[in-house]
Amino acid sequence: MNPGALSYVLVSVFGVGAVVSGWLVFRTDSMLRAAYWLMVSFVAVGAMLVVLDAQFLGLILILMMSGEMTIMAIFMIMFMMNPAGLNPMVMVHQNRTAIAAGVGSFLVLAWVGLVAEFPDRPAPIDDPTAELGEELLGRSMLVFESAGVALLAVMIGAIALAAKRGRFGDADAGSVEPAIDIESSVDPAVEAVADADHADDADDHGAGHGMGHGT
Amino acid sequence: MTVLGVVVQVAAVLIGGAYLLAVADRLAGGGSANVLAALAHPIERASFLLLQPVTTTERPDLPAWILAPSLLAGLAAVGAVPVPIGGPSAAGDISAGLVLFGAAMLIVLVAVFIFGWAPNSAMPMIGGYRFAAMVLSIGIPFSLVVLTTAIPAESLSVGVIVESQSNLWYIVVQPLGFVIYLVTAAAIAFWGPFDLPEGADLAGGIAAEAAGPRLAMWRLAQAALMVTLSLMGAAVFLGGYHGPVLPGWGWTLLKTALVLLVLASTGRTIARMRVQRLVWFGWVVLLPLALVDVFVSGWIAL
Amino acid sequence: MIQLLLVFAAAIFGIGVYGALSQQSFVMIMMGLELMLNSAVLVVITFWWGTTGGNPAGQLLVIVVLAVMAIEAAMGFALVTAVYRSRKADITEKLKKLRS
Amino acid sequence: MVGIGAALVVFVATLIAVGVLQWVWAAAGEHDFAVPERVPFAGGAEPEFHAWNRFHIRYYAMALLFLAFDMEMVFMYPWAVVFVREGALALIEMLMFILILVVGMVYAWREKSFEWA
Amino acid sequence: MAGAGEAPVFVVAGGGARSALHQLRLAEGIRIVATPRHAAVLLIVGRVTEAATESIRHVHDQMAGPRVTVAWGHPEPTAVPVRAATDGGVAEATELIRRQFHNVVNGVIAPEPVWLPDIDPVEWRGVGPYGHGGAGMTGGTPYGRPLALRAPARDGLELDVLPLTVGPWFPALPAGLALRVSFQGDIAQVVEVVSADLVGFESPGGVVARTGEPLLIRDLELARARHHLEWMADTFRLAGIDRLALAAGRLAASIDPGDSALVDRLATGARRSLLGPMSLRGVGVLPSDIDLSGLGPIARAAGRDDDLRATEPAYREIGFEPVTHHGGDAWARFEQRAAEAVQAIELAGRAGDRRAFGAGEIEGPDGRHRVGEPTPATRLVTHLEQMLTGLEWGDLVTTVQSLDIDMESVTVGRAAA
């Protein structure tokens, strides 16, 4: 393994792209953009895998994530109020703790990555896809088949959960919307402006919709 | 052949094919039987569109709106790269070429969805969501029938798949796969009976708010996507560059044009499908048929 | 090279941790989780490529991570739908009060 | 490796070329749109609300099913490559895998997931 | 170069313009587009009332430009300031549109300015803490409009509902029909008909007023066949089968009495194009509590043998038997109208100079017209809200199209009632 200068350049470009787009996921007001920034992050990681000779896995990651992220965008737009970010969106809690945790985990992991000694046994470049296929059908056949069963369970579970009518009647039968006030449960660490905004949103949820705010 | 050569080759094939498609579509629509008028038609339309200003709406998602046609064109172009045109050992050959193609065709969903979402207008938005329903229904059969051609070739490289058809084109052993490919390809390029995202009931759908150069680029990108899909269909089912007398690239282009003309002629002669029926059709008809195609082809290949 | 890749992976993981902890809405939390899995994919392939001599089990592990992503996404969305249907809640604060 | 590099170059070049073409033409026909010109089209009546809303898709169960089948595709690609080498055993293994998933598809069909909720 | 191509036209079709518009679609050098954004020429054809002014101005201003307005068969005083007008035939109209298009594209005449005032309708800047129009994440009027409302839905997910008035000049709906639709996703959860009588009429009594004395069966049946063929052309166009749409339009413009073979071929072409299974079958079944009597082809497509012609002696002499179909969906209505067009052409061939109707009632192409009774279209419009509720948007449009509602007839019916 003697990665050339071009590999370094490409890995750096895609790596920075993956990190920046991953960060932008949480910095945008529009749900569509959030979902597709996440997709950009996945695509960048997929491109890095391609540079690392895992061409098949990199491309399959891109293939899977493009479908999955569109579904994610669809569901996010469906369930988030103000999905296009026409009004500024602040929906965070324990922000400082979370930032600390994020930075902390980055530092620890990066430190481990930088100081640890790894064996240097580069992959021979022949046909990793075929190797993977033989692995799937041979030694790891059980993994493969149990993935099938797991996916079946997911299909049935997801449909049973998401659909309106199931075998046992309506999905929401007998449920009650909780009467709550959200202010009491908001973390005090949230910034003051966010808090003010948030109280309004709580009203929106409780009292139907925020249409009456102007009046 | 260098990387630059690949760029030039892809651009030439896609733009030439897009022009051919526009002319064929004009003739298939029955608007004019005059071939000369049909030949001039795309150029006249393009020159009018390039003269219009780029319209906008009250509060569009402008970056997404600008990105969508570019992304669609880029995907069409990148999907054409793995296909060998002149003969074996093309510089564009990629060991996981089929996966690259499949990924590009699935990301088309993103381009179309954001093109419908961007103008902040109801009809384009419904069009975008319709396309999502379509692709989620026919995407799996599409990938499956393309993948089936890799079974006898034992490789995901399009070059190897074409090379392995020197004796027998895969359409002979996988006729069902080819038919499913044509149907799903038309749906992915939102063409023909599957132009639901821009159906007449949506007043132009995803493109309803677009005008001027943006619309011109969108149409060009859509046509390029059709060419890419035809090119891949010609390569993996019709033997690509294999054929007597003519040079390799001649055969590839001839077969691509043939697939393109078939898609163009069905585009305006078969009724548009209802979206709910299409979802049902994709899952309950096309998916089982595609699976049958996989296993029958696998059985034959053994 | 390996160090560079691991730093990128750590950064993506850190962002994922931040997202999963700070976001209020279910779907945004899922995005944080997906980012963490994304970094896991990168780490696995880094080691597969640089230190294990291309052991196919490494590739298989990535496939398993992908399957986990798909399963997490499908079950996550289904749960969001079910919870929203019955409680009209799409943020975590509302779930704290689910007990009646 | 040359091929995938070419793919990257082609993609980026097309993306930039089409984007720049749009931008150049838009700038050439620089136009300050009046308020009524920017109203979204709905047949002549003025919309009261922003079109962007919590769009209620009616095929959410189908979308979830797609996630599972998309995963199935991931397994099929490597399978297809080694299929001929591995022989009938591979066929049977994949047949089992697919049949398990088809059960899910049939369940979804029975639960009317392919119809608008 | 740009002015040499087809003129993209957006049409505002008023009363009495139906056949003229269908002939215009056949003309060379004209392309009728679905949205004003793609158009350079706004064509106002036929009669529109004063109430339509505002909506025409909206459509006009939404054209991307360079834009120009042309009126055709549109009597003075015009509702809006048109650049050029003609009362001539299709050839003159085509010529005028093409000339105006060429002139405006090449800068011979100045493009039209906007007709509506260029002011923001709602004050919104600087209201909320971020200047975004209101408080909170969903409040206020960001960028001049509020966000959509939350509302319960039939599947138990209380997401947003988007009320939107579609029409009156929405290309896929009958010209002049405006529907206020509450979209939940792509489903019309609530539909209301916005009635403003935007389409003017030619004669105040409609078809019935012209029945003072018995009519020539030959004329009546040819008009029926033409009406059905034009409807078929619209149906084909909505389903994206442009070639058949053109064929139907050409046939409607040149019917020969007694020669029904071409209509048969058209119906066969429709079957081959999979029109039924792909887009029409199972769509637009009417609720059972709607009184079908007098609704003409719609009633007969649902199996009801309901036809005034059966009571006319002159019709019985030439061997008239009502045709019916079963199913009562949009596909049955298509089959019904195709069969009636064939029948009408044959009847016209056999009719000679026989006359029928004249006692204040007539079986029109869309059903029974009788003095003092609402027209079929008027009755159908009152049922629209019930019929269209809960349909997916594409199905909704198909349903309305299959009902063949002519807004001119609705205006007449309202004026008579």
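Order of writing sets the labels: A, B, C, D and E. Residues in every chain begin at 1.
In the analysis below, contacts are C-beta pairs under 8 Å (C-beta built on N, C-alpha and C of every residue); 3 or more make two chains touch, one makes a residue touch a chain.
Computed from a predicted model, the values in this text were never measured in an experiment.
Any chain that touches chain A and also touches chain B is listed here: D, E. With centres defined by CA atoms alone, the chain at the far end from chain D is E. Seen from the Cα centre of chain A, the chain whose own Cα centre is farthest off is E.
Annotation: A-C is the more contact-rich of the chain pairs C-E and A-C, by number of C-beta pairs in contact. Innermost chain of the displayed assembly, by C-alpha centre distance to the whole-protein C-alpha centre, is D.
Chain B and chain D have CA centres that are 13 Å apart. Work out the mean CA point of chain B and of chain E, and you get 34 Å between them.
Centres computed as Cα averages put chain A at a distance of 17 Å from chain D. Mean C-alpha positions place chain D and chain E at a centre distance of 34 Å. Multi-chain contact residues of chain E, defined as those touching 2 or more other chains: 35, 37, 65, 142-143, 145-147, 149-150, 155-157, 159, 162, 164, 170-171, 185-186, 392. Within chain B, the positions touching two or more other chains are listed as 50-53, 55, 58-59, 94-96, 99-100, 102, 117, 120, 122, 129, 132, 136, 139, 154, 156, 203, 208-209, 212, 276.
Chain contacts: chain A has residues 55-56, 60, 63-64, 67-68, 71, 74-75, 78-81, 84, 86, 91, 127, 129-130, 132, 134, 136, 147, 151, 154-155, 158-159, 162, 164, 171-172 touching two or more partner chains. Interchain contacts (touch definition given at top) occur between A-B, A-C, A-D, A-E, B-D, B-E, C-D, C-E, D-E. Touching chain B in their complex are the following residues of chain E: 1-6, 8, 28, 33-35, 37-38, 40, 64-66, 105, 142-145, 162, 164, 170-172, 183, 185-186, 237-244, 246-247, 273-275, 278-280, 283, 392-395, 397-398.
Put simply, chain E touches chain D in their complex at residues 35-37, 55-59, 61-62, 65, 114-121, 142-143, 145-150, 153-155, 157, 159-171, 173, 178, 184-187, 194, 392. Chain A meets chain C in the complex at residues 1, 3, 7-8, 11-12, 15-16, 18-19, 22-23, 25-26, 31, 34-35, 38, 41-42, 45, 48-49, 52-54, 57, 60-61, 64, 68, 71-72, 75-76, 79-81, 91-95, 97-99, 101-110, 112-114, 118-124, 128, 131-132, 134-136, 140, 143, 147, 150-151, 154-155, 157-159, 161-162, 164, 171-172, 175-178, 180, 182, 185-186, 205.
Chain B meets chain D in the complex at residues 3, 6-7, 10, 50-59, 66-67, 69-71, 73-78, 80-82, 90-100, 102, 117, 119-123, 125, 129, 132-133, 136-137, 139-140, 143-144, 147-148, 150-152, 154-156, 203, 208-209, 212-214, 217, 220-221, 276, 279-280, 283-284, 287-288, 291, 294-295, 298-299, 301-302. Those residues of chain D that touch chain C in the complex are listed here as 60, 63-64, 67-68, 70-71, 74-75.
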